[in-house]
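Per-chain numbering from 1; labels A, B, C and D assigned in written order.
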Amino acid sequence: MSTNLGVWIAAFLTLGIMSFLYKDNPIYKFCEAVFVGVSAGYWFVTEYFTVFLPKVWDNVETAINVLQAEGRMDWFHWSYLLGGILGVLMLLRLVPKIGWISRWPLAVIVGTTSGLWLINYLVSNAMVQVRQTIIPLYVAGNLNASIGNIIIVVGTFCGLIYFFFSKEHKGVFGGAAKVGIWFIMITFGASFGYTVMSRMSLLIARMDFLVGTWLGLLK
Amino acid sequence: MKLFDRLLAIDRRIIFLLVAIAVTLPLFSKTILHIEISPMVKGVYDAVNNLPPGSKVLVTFDYDPASAPELQPMALSFFRHCFSKDLKVIIMGLWPQGPIQANIALEDVFRIPEIKAKNLKYGEDYVNLGYMAGNEVVIQRMGSDIQATFPVDYSGNKTSELPLMKGIKNFDNIDFVYNLSAGYPGTMEWVQFAVDRFHAKLGAGNTAVQAPGMYPYIPRQLVGVLGGMKGGAEYEIIDKHPARAVSYMLSQGVSHAVVVFFIIIGNLAFFATRGKRKTSE
Amino acid sequence: MRREVPLVITGIVGISLIISFFIPHTPFNLLETLFTDWFLIVAAFAIVLGILNLLKISLDKVYKKKKDWFFGLVVVFSFFFIVIPGFGFSGGRGFQNPGTPFFWIYFYIYIPLMSTMFALLAFFVASASYRAFRARNKEATMLLLAAFFVMLGRVPIGYYLSFWLPENYQLAAVADWIMNFPQTAGQRAIMIGIALGIVSTCLRMILGIERAYIGGE
Amino acid sequence: MKDKYIFRTGVLLIFLFMFTSLFLGMDTCLAQEMGEAEILEDSLAQPPAPPTNVVAKDAPNDNGHALLVTWTLSADDGVGRNNVVSYQILRSDSPEGEFEVRGLVPAGENIFSDEGAKEKEDANYFPPHKDFYYKVRARSDGIFSDSEVSAPAQAYGQWYHTGKTPVLFAVIIFSTFALVFITVARKGKELYIRPLAGIEAVDEAIGRATEMGKPILYILGLGSADMIATIASFTILSRVSKKTAEYQTPILIPCCDPIVMAVAQETVRAAYLEAGRPDDYKQENIYYLTSMQFAYVAGVNGIMIREKPATNFYLGKFYAESLLLAETGSLAGSIQISGTDEIAQIPFFVAATDYTLIGEELYAASAYLGREPVLLGTLKGQDWAKALVMIFLILGALAATFHFQWFLNLLKVQL
């Protein structure tokens, strides 16, 4: 048995959450409430120290220092103040009458992602992946590689056909879409297998904590 | 037929109990199972093993405690491998909890006598640059200047004053990047930026959930990937230092067998009762 | 006005970021860094919004003595239980260093709660595979077969089930083959499809066609 | 007799000559031997031939804080005396001035990109539009030889990145497709869209909730408000909540992200207004739970068990919580409609919910529900882009099989 108070608290919380498997109960609700509160607090503290301080405070400080030392405006660092102002505008949502102003920072955010992602996904996940799929269908003297490459090209092609929205899945086209969905299902199956693996690992570690660290039964 | 009807109506709590037993009982066994080394793990291992002593390795911790069971053993065996080969290790994280996990792993690895004997020094043999907010844009910035991206390390020391960081400007001065990732930002972002844009050499350890998504990137953009606890166990075996992940493999195997068993029983019951349901409808 | 201004802002920011991708010249090369940092800052401020909301709902429960009001009190208490040591007694920016009170709470309360929540998934995966994964049709059968090979091929059990077969036909090898070829193909098709969908959605937002995210008048 | 003297003198002279020549010859031989020894020593101590042809020019496709230095390898690099170990690159702002070391590359390389910081405060600041002179030093062990000083060069920023031309083409082609079909759709041409089961089920699901007198639970996922899946989900939410307003069924939206919550409130309020029932809108039904994944799941699961909603929508970005939500939902007996672009989670949605929108289908769903011509237009444009991708795929595979390298180079993107 562990003699560490922390381990006992952790064990209580672990069992409390697991008790949900039997049925919803007050101990589970208590642990749930602790989790909700602690995690909100955790994010609050972390965001303050890792985003607000270094990104807003430090940059504006640099800008002020440059202004005092050299007497020039350092626009790049000053612009972080504008970021801070956008953040404050977000908080205006709390004031119902002018809450609509909070749409502006939101628009900046959505604009940023749409601009960045349009390019990033087009390049890395469309163009580069198409490039990766351009492989010889016949590899001299290597039957396995040839078959594998043909499967990759055909599978990708048919999979894309499945995602066609503006054409009815009928005839040859429908057949290809059918083959496509098979490939997609194999992908989901593989992904399911891996997920089972992942989840079981997590449970193993938790059980190891309960049986080993807490109860000290594993030597 | 009665049996199957009853099976289909089984209380899920019985299933839960069976899973708990399947996972816990094997923990008491000391059996070491045969573990095959997959080419994906060998790819990563060889890449590290072929680095000359003194090479600089960047290890990025992009996960939180929830995925630690899968990724922590990988961090541990990777550190062990690096330090035993006298490689220099630079740690960072794109998840706020990542660098804490790195510190926990370092504490563990320094308990291994062989590593302890080396008397490794912070700042000379390894550094922890800490967490930086900004997701993939952090990687982009590191491509032009790592020290400007991380002006101070985890404890607030100036990065430029750490001996290990002397002469490290961008990915050109990093010989290998190892990414431990549990989601976004993670391996995909490292591929898109560090590899596609700055031509870094990248290996990865992923949670099993993520691993299949990395296959399209191998081998051109990624030397290999360790998938889940099994990947960690394979690395421990190929590195000839079996540790935690290997000891969990029996539990892992039994629990998979139980899930497969459930699927088979569920389907048998489903098909056995289907005909009957059709007639009664 | 309330709807148009945000749409215009989105359009301008989006287009300038796309243009900046093609222009290495200053100041365009700084835009990506700047806008992403703004994004982080706004998100950090928004946390405040969320927390105020959470506290309000919880305290409401307590004041009005609604059902389960006690747990509302627990939420508020545990929030301050980590925030006060975080700001007050954990050495400022080094708040996450081992040895601080914040770290203690993180290690012994936050980690067990979070990892147990995650571990519950193991139970649900098992019950879902029993109750939901049925070979109803050809597609579901494909899914199940692939899952079967991968699940057994990826653990030592697979070796003991099939070690008597030639090496290329053992479960581990079959799992590798599935992962390397059909899985990769399917993965790529979904990946490219998603990428095109994202590009198209981004384009709609920049053009101001997709506007639900702005809300109403 | 005189002849005799002449003869003897001659012999003597010949002897003298021979002796002298003997000595001389030895001398030359010695000189030769000594010379060889000297040369041997020399090859250890003599510097390698200097690199030649040092050229500095602006580094292409950058912001103007770097120069590209190239040179012809030293005659002793790999060949000749073969004693070059590395090249040092030195820079100065005047040809006679003091040169400082900027970088080191191993023997065999003949290119170096001299990069600096773009901020003036930085110690390593690289000023653009300023003349710099370079020389390259071939180094052996401890000894070296310098090249001639290069002609001056200036760094300047470029206004177009030439390596990204294929991306530019792709952006232009994609946008053109979208714009063309938006125009076509606006003109009133009917565009065919194949049915999606998940979308067809939305009406039925809302109707069921109304009959049962139970609320509808709409989960926007864990993503932030800028994620595409979340944005697609907002659009679907706006259609769904318009219907719930018409049917007067309450809709519960617990959120995981405060911005998402804010936007969801706006979206639903607008939908209720549009449906002509602004008074039925209840802001307290759309609230923030927590940003932490599992705390959030715990909260939502509690709601499902206590409120027993008739229909659950899970549309947006989902991670590990997908299965927890879907399983608990099916336990509570709700009809479930799901959709995400997170591939690893789709199998669970496929298994545990009634209808699933796979990846791209989620983005397309907003266009389906709206039936607005512009949205359908972009969907059609997207399909055309897909067709183009597929053509490239097939032609590319054939080109790779028959080794048409030029075609493969078309898709090369240099970042």
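In this text, a residue touches a chain if its C-beta (ideal position, glycine included) is under 8 Å from a C-beta of that chain, and two chains touch if they have at least 3 such contacts.
What you are looking at is a predicted structure, and each value in this text was computed from that prediction instead of being measured.
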**Fill in**
Per mean C-alpha coordinates, the chain lying farthest from chain C is D
**Message:** Can you tell me which chain pair comes out on top for contact count?
**Reply:** A-C
**Asked** chain A to chain D: how many Å between their CA centres?
**Response** 18
**Request:** Round to the nearest whole Å and give the separation of the Cα centres of chain C and chain D.
**Result:** 21
**Message:** Taking the mean of the CA coordinates per chain, how far is chain B from chain D in Å?
**Reply:** 23
**Request:** Quick one: report the Å distance separating chain A from chain C, using the average Cα coordinate of each chain.
**Result:** 3
**Item:** Residue list for chain D, restricted to those that touch at least two other chains
**Value:** 167, 171, 174, 225-226, 228, 231, 259, 262-263, 266, 289-295, 298, 320, 343-344, 347-348, 350-351, 358-360, 364, 379, 382, 386, 389, 415
**Prompt:** Out of chain C, which residues touch more than one other chain, so two or more?
**Reply:** 18, 21, 32, 36-37, 39-40, 42-43, 46-47, 49-50, 54, 93, 96, 106, 110-111, 113-115, 117-118, 120-123, 125, 127, 129, 133, 143-144, 147-148, 151, 154-155, 179-180, 183-184, 187-188, 190-194, 196, 198-199, 201-203, 205, 213-215
**Fill in**
Residue numbers in chain A touching two or more further chains are 17, 20-21, 29, 32, 35-36, 39-40, 42-43, 46, 51, 55, 76, 90, 93, 103, 106, 109-110, 112-113, 117-119, 122-124, 126, 128-130, 132-133, 153, 156-157, 160, 163, 184, 187-192, 194-197, 200, 202-203, 205-206
**Message:** Applying the document's contact rule, which stretches of chain C touch chain D when the two form their complex?
**Reply:** 18, 21-26, 29, 39, 42-43, 46-47, 49-50, 53-54, 57, 113-114, 117-118, 120-121, 124-125, 127-129, 132-133, 143, 147, 187, 190-194, 196-205, 207, 209-210, 212-217
**Request:** Would you tell me which residues of chain B are touching chain D in their complex?
**Result:** 12, 66, 144-145, 148, 183, 196-197, 209-210, 212-213
**Asked** What residues on chain D touch chain C, complex-wise?
**Response** 61-64, 118, 157-161, 164, 167-168, 171, 174-175, 178, 182, 224-226, 228, 231-232, 234-235, 237-238, 257-259, 261-263, 265-267, 269-271, 273-274, 287-295, 297-298, 320, 323-324, 326-327, 330, 341, 343, 347-348, 350-352, 358-360, 362-364, 366, 374-375, 378-379, 381-382, 385-386, 389
**Message:** Looking at the complex, which residues from chain D come into contact with chain B?
**Reply:** 115, 117, 122, 293-294, 319-320, 331, 343-344, 415
**Message:** For a test of understanding, state which residues of chain B touch chain A in their complex under the given definition.
**Reply:** 13, 16, 19-20, 23-24, 27-28, 66-70, 96, 131, 133, 188, 191-192, 196, 207-209, 211-213, 216, 220, 227-230, 248, 251-252, 255-256, 259
